[in-house]
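You will see two complexes here that share chain A, one where it goes with chain B and one where it goes with chain C.
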Partner chain A sequence: MNQPHMQKPELVCPAGTPAGLRTAVDAGADAVYCGLQGPTNARNFPGLNFTPQELSQSIEYAHEKGAKVLLAVNSFPPAGRTQEWKDSIDTGVQSHADAIIVADIGMAQYMAEHHPDQRLHLSVQAGASSPEAIKFYCREFGVKRVVLPRILTVKEISDLHAEIPCEIEAFIFGNIGMMAEGRCSLSSYATGLSTNMDGVCSPASHIRYENKKDGSLVSKLGDFTIDCFHCGENAGYPTICKGRYDAKTRSGYYAFEEPVSLNLTRLLPDLVQAGVTALKIEGRQRSRAYVKAVVHAFRKAVDACMEGREPEMDTLLALTEGHRETQGAFRTKAWR
Partner chain B sequence: MSISASSPSRPCASRLRTLPRIALAPIPLFLLQPLLRFIVTGVARRHPALFNRLGSSQNKAILIDPTNLPFALLLHPRPDTPTLEAVRRKKKVPHDAKITGTFLTLLDMIDGNMDGDALFFTRDLKIEGDTEAIVALRNALDDMDISLADDLAAHAGPLSGALKKSLRALQGIRRSHQ
Partner chain C sequence: MSKSTAELTIGPILFHWPVETKRDFYFKIADEAPVDTVYLGEVICSKRTPFFEPHYEEVVTRLENAGKRVVFSTLAEVTGKLDRKVAQSVAGGAKDFFVEANDVSALWYLDGHPHAIGPFLNVYNEDTLGFLARKGARHVTLPPELPASAIAALGKEAKSLNVSLEVQVYGRIPLALSARCYHARAHGRIKDTCRFVCEEDPDGMDLKTLEGESFLTINGIQTLSWPCLNLMNDMEEMQNAGISAFRLSPHSHDMIQTARLFRAVLDGEMDAQKATAHLKEIALAVPFSNGFYHGREGYKWVDTGVSFLSR
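Presenting the complex of A and B:
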């Protein structure tokens, strides 16, 4: 069983491009997670992600600087297309990635059969949150770390830690989506492209913005209007789960979630005490500027936490969706 | 750290923003076209990988509209024959996508000093048309891992030093008024 008390956690940071990866490493990331171009990872956005050659070069760069690289192969292959996902896993192993992050149970099996010595992490997209589910993945496929869905309180994470034989990775900052990770079909309903199988929530090819003469901004996804931001009002991502809708009884209300971002700076000591091994920052779709600012701020905060000081935080509000932050379900189940 | 995406609010900042639009208005656009050609062909030659990231958006026409300049820029990011052309706003030029912001907002985003999503959240950046082309361009530029201002200045021959200092000064003024 893991030793829960104040083991220095790994700061796991996002990278959408090789330049983003170098920025994260230089800003103090202990590990960087990234994906290959195509649908095999959950951030399949235009212009984003790595070619096999870029991945190999980037891993070399990270290793020279003492950082790890974790390859996300964390979408779900549709029937008949598993080879593309297997190829991504093989590329990661051949490139000497420090771990492969998978969500699909079939890809976990492929890892266990073909790359039993390669470190395997279970993606948040797998939605494994109970001791029984996590122990199953550990026992059957040799999973060494689970990335927890953002539905558990710190107390629940602590209880979970006592029961499972693997490391825990928890999100501490960034965009938060539906609280049914790996199971959301909203984007698929609106566009025909699946978050889970095509790797893209609200595909850019289906997004349209209309800037009105009165200064308002209308965001649309496919045939659906997601939101209308008044002049001067902060805008949000054009995702269905963060949209405002009109219904017979209410108008302009957030039916699912509000555009707020997760920030667990103040809970860092509690998370470490609870046995969290790795602290994850969301945002592979974001820029070098975001990566540099957020990684730098959390490097300082985590180091302060480990030295027994109150973690101070640079203001990151300007980078967050909705310019509002939350501790989400980590603080209370009453959230949304 | 240069992460703020809030708009300048002081009156002098507003005047500074609009000054170039007035001061540069008399310049005939044909004088700018060789400079723009030099910029886009130079970037294409030095950073060919940029075009791989664009994918199918290589064939799109993207209108870049710096609100405080008296003209917009029409970009065709074709790998072999990229073009960047100054166009008057009153002239309706066909385009697939449009991105709008102040000149220095756009430059700071390209240079990796400011986050494009954050600029979008604060409405400092506006997007219209083919969102996929804009997202691909933004991500491709973000992977250049260089300052476009420095890159251009380094290849501007005898004007290098002056160009670099001017751009840095403008960026400094912008940040001091945020």
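Presenting the complex of A and C:
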């Protein structure tokens, strides 16, 4: 059953670089999100992100095409180094970003105090997964939209929507982390670089692939083996929560999650009905070709949904990690 | 050397221990451990909470009669209905007991009542600390991945805010939380049908790499380090930086003796190297780590004069 009153959701797409931003905008993104170079956002990878000047020019480009730009300043500044994060926020505001996305309470407070008129979004990295937590952020800092952790079912999102005073943005496609966002020190445990403070999970500088005598390929993060691939297996990027391990009860199993991609195309109508106003695609680290294909496919899928048609899946399936997709937490509680 | 005014605390039991074990543990802590504060409450899994409910009263009485301060810690991750009910029942009790908030939802229920902030709520910088202090935080236990430099900067700020700071100095290091139960998963189950298999592992379940190297520890929805944090040798520096309380995270081995060793180091009655050697004899049969404090990989032991213990 289609709802005639369903509000058309905003399609929020990743932009790792200025060129990537233009690609996403041209492919039909309603909004793009990006970060400045350095540790102030959660995708601090070499070759990625924007200089202040690039940000300003990119925002101009997006605005001309009718798209919004959301600036992520969503890592956690360690004490003694907060100025760099505040500078990033100021840069975003001065460049006319449509919203600043933060996770840290201190930075949310900075926004509320110094830029009370700037639209503020709460990052997934804040891990606000209950109505009370979200209401707290809304009341204290004037948060206008929460990006929900990828751990809620559609039913739970719907219940949540009824209880909170802000918009909901939900991930619909891309990499899914199993750990509560913003509270995971696994990568820093193995590499010394912190996802929260340095903005990088599984940094490329700490990754190695080793060929074994038996022909298998071992992937390592720091000193630790994360997975071992035999002939015919696609070797994945070594992320701790996607690795295979041995426990006393099971061996060689994905102890946390299998290396699958989130794909909620089939659930789009349900999500919109549940009150989700912005649909987010993960992948600022992805290539322009990938972004173009995904954004284009989702533009069509969202438009199809709004017209009551069945969205096409084939393109998106081919783009998912290891060609395997999951509806993750969204469909049922059984994944827990 | 004069006795230190620094406090020693017992953090909440992170693992799922049988009710009697837990009760006896607290009785023994009350009677024998040289600690000032004991944190009670289930912080990992809301499903575990009903078991110990009938015993809080006697445990609190015993601890308070022994001169220990009792603090109730809230759930670290609050998502579902049961989580919310549990969080509300603990944080909503702030009029009656001192509460440690481990999640932002607890701040909503606390509504400005004086409280503590637990290590699962991200306090990385002065701005966050200042905001929380204005909202009623009186005592804050810092996240375990913070390096010494950030701890020192927070120590300075805390003084002017009249907030006291605590740092975990012993026990496996909390690294991550998930909505999925990894204990259940290891047993081919899901969270709803877990049958509390986590009770089998009083110090968590080892997770090894495919090459057989011990790596992580699973505790229900939580992932911890495999090595055991030991910051005995860094407590003096932390005290000078403004940290006034040190947390021991409970394990199944002799925590009384563990507390005595840490107390002896704080009071200058034993040097950290000697105490660490004693600790090694009674602690979990795993290496010690101190990497996070020294700005390194969390699993690592950075040589601070007791290098013979490195992995």
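Rule of thumb we're sticking to: the second predicted complex is superposed on the first by the 318 of 336 C-alpha atoms of A that agree within 3 Å, B and C clash if a C-alpha of one lies under 4 Å from a C-alpha of the other, contacts with A are read in each partner's own complex, and residues count from 1 in each chain.
By our rule, contacts are C-beta pairs under 8 Å (C-beta built on N, C-alpha and C of every residue); 3 or more make two chains touch, one makes a residue touch a chain.
Only a predicted model underlies this, so the values are computations on that prediction, with no experimental measurement involved.
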item	value
Joint occupancy of chain A by chain B and chain C, clash or fit	fit
Which superposed partner A:K135 touches (first chain B, second chain C, both, neither)	second
Partner chain(s) touched by A:E10 [first = chain B, second = chain C, both, neither]	neither
From chain A, separation angle of chain B and chain C (C-alpha centres, steps of 10 degrees)	120
Touched partner set for A:T249, first chain B, second chain C, both or neither	second
Which superposed partner A:D198 touches (first chain B, second chain C, both, neither)	neither
Which superposed partner A:E282 touches (first chain B, second chain C, both, neither)	neither
Touched partner set for A:D270, first chain B, second chain C, both or neither	neither
Partner, of chain C and chain B, that touches more residues belonging to chain A	C
Per-pair minimum CA distance [chain C against chain B, superposed on A] in Å	18
Chain B-touching residues of chain A, taken from the complex the two chains share	16-20, 22-23, 45-48, 51, 203-205, 207-211, 217, 229, 232-237, 285-290, 292-293, 296, 314, 316, 318-323
Chain A - residues contacting chain C, complex	76-82, 103-107, 109-110, 126-133, 135-137, 140, 149, 151-152, 156, 178-180, 182-186, 188-192, 194, 196-197, 218, 222, 224-228, 240-241, 243-250, 252-253, 255-257, 329, 333-336
In the complex, chain B residues that touch chain A	1-6, 52-55, 57, 100, 109, 112-118, 120-123, 126-129, 131-140, 142-145
Chain C - residues contacting chain A, complex	76-80, 83-84, 87-88, 103-105, 107-109, 120, 122-132, 135, 143-147, 149-154, 157, 173-182, 185-188, 190-192, 205-213, 215-216, 218, 223, 225, 291-292, 295-300
